[in-house]
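Comments concern the structure below.
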Amino acid sequence: MSRNVKFIYFAWVRERIGVQEERLDLPDDVRTGAEVITWLKGLGKNYALALDDAQAIRMAVNQEHIHPSDTIGTAREIALFPPMTGG
Amino acid sequence: MSRNVKFIYFAWVRERIGVQEERLDLPDDVRTGAEVITWLKGLGKNYALALDDAQAIRMAVNQEHIHPSDTIGTAREIALFPPMTGG
Amino acid sequence: MRATPDIRVQPEPFDAARECAAISAASNGIGALVTFTGLCRNEGGRLAALELQHYAGMAEAQMRRIADEACDRWPLDALAVIHRHGLIRPGEGIVLVIAAAAHRRAAFEAADFMMDYLKTSAPFWKREHLADGTLGGWVAANEADDDATARWQGAADR
Amino acid sequence: MRATPDIRVQPEPFDAARECAAISAASNGIGALVTFTGLCRNEGGRLAALELQHYAGMAEAQMRRIADEACDRWPLDALAVIHRHGLIRPGEGIVLVIAAAAHRRAAFEAADFMMDYLKTSAPFWKREHLADGTLGGWVAANEADDDATARWQGAADR
């Protein structure tokens, strides 16, 4: 069982993964932000490198910030990025 | 013994005293801000009315704020006014 | 009446004076107008430009969430927030916040609050383009920004 | 290098945009520009104008003392303070403070500090001219302004 989710990456997370966005089939047993990161890191070296420093990764689900311990619910879009530096 | 000092008044202090500025011979034994006010109040009803509420009177000597307990030193110019409302 | 924030994310430069004039003209009850402009520094000549990447959609939504919160917290007559993306040269504006209120405390605090939250929770990322023509690194987040944001999260909040 | 404040007391209106542009143009090291404009409110239609009386000479001197203190406290690139006197109509500016710095905290705090001290220690007095053609009273000082000023007088100061 899985659902198809749009993943978007920004800044050096994007550069290390090597794509701007992609659609992935996320297994149903991946429920929290932290579990999403662990699962992604299993997809390949580029993901492992990009997401290695968990402290430096921020996430948004359906365009809202979540904490790693939050469940991702009915995620249609998951974004991963470094700490924001706007303003 | 006295010295000739320029007095300047602002806002409702000016209106109650009835002049914008004047030169007065200030006795040498008037040494503090509070003593200046007491002395002025003895000059006439208009001064007494203007300076009646000591809490509402601010002073500057030679264009610098002083407290009532401060000595006026070699005052050339003494200004009396209500609390400031600029800005 | 609660102010409705004016939120914009755009590549074009903004005109702070025009935005202020529009806000002032809309009300004669405004006593205090605080404007914050964040500018691209040249970093002592090292920098040719900053590239601002953003998460389209979420950037606007997040700015609106923060601005709505500011309008709930302070009695504002107007609140405008414009954030640019794309390539921005030294001396150019990156972000503009204008807060208008009857009294200055609300205007100062709302603008300050807006900027603290924009810095730490609006999805924008800065990359340096160097004067020697090479591409520099992504700007690291500033711990001081997190500390500044934490100022607004007292026990009494929310 | 410590900034030299630009202090002006004048009856003429000021142009915040022009002042900001002049400050921005003077340095590409500025990252944060905070502008405070104090405007004459119409007080729900009750007010025709505010008359600003000032103590010429002392007003400039006192503004300079406060601005010098701000430049000592914060690392500013520029600080401009313009205060008008005479008759000022609703919607017009009364006072303009512009603080420029590399980072926003210094610019915000310096502008905020300037305004608090201007309110409580710069020799200006406001009188209301009413819409019905009569002369109103002198505006009373605001206790909140004294409280605001007291914020800057912590044990660590001076």
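First chain written, first letter: the chains are A, B, C and D, and each begins at residue 1.
Operating definition for what follows: a contact is a pair of C-beta atoms (placed from the backbone, for glycine too) under 8 Å apart; a residue touches a chain by one contact, two chains touch by 3 or more.
Remember, predicted model here, so these are calculated numbers, not experimental data.
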Legend entry - Shared interface partners, meaning chains that touch chain B and chain C: D
Legend entry - Chain centre separation (chain A, chain D; CA means) in Å: 48
Inset, instruction - Calculate how many whole Å lie between the centre of chain A and the centre of chain B, each centre taken as the average of the chain's C-alpha atoms. - result: 72
Legend entry - Chain centre separation (chain B, chain D; CA means) in Å: 26
Inset, instruction - List, in ascending order, every residue of chain A touching at least 2 other chains. - result: 87
Inset, instruction - Any chance you could list the residues of chain D touching two or more other chains? - result: 38, 104, 115
Legend entry - Every chain pair in contact, whichever chains are involved: A-C, B-D, C-D
Legend entry - Complex contacts: residues of chain B adjacent to chain D: 8, 10-12, 60, 63-65, 79, 81-87
Legend entry - Residue ranges of chain D touching chain C (in the complex, touch as defined): 16-17, 20, 24-25, 28-44, 90-91, 102, 104-105, 107-108, 111-112, 115, 144, 148
Legend entry - Residues of chain C touching chain A in the complex: 38, 52-55, 57-59, 61-62, 83, 94-95, 115, 118-127, 138-142, 145
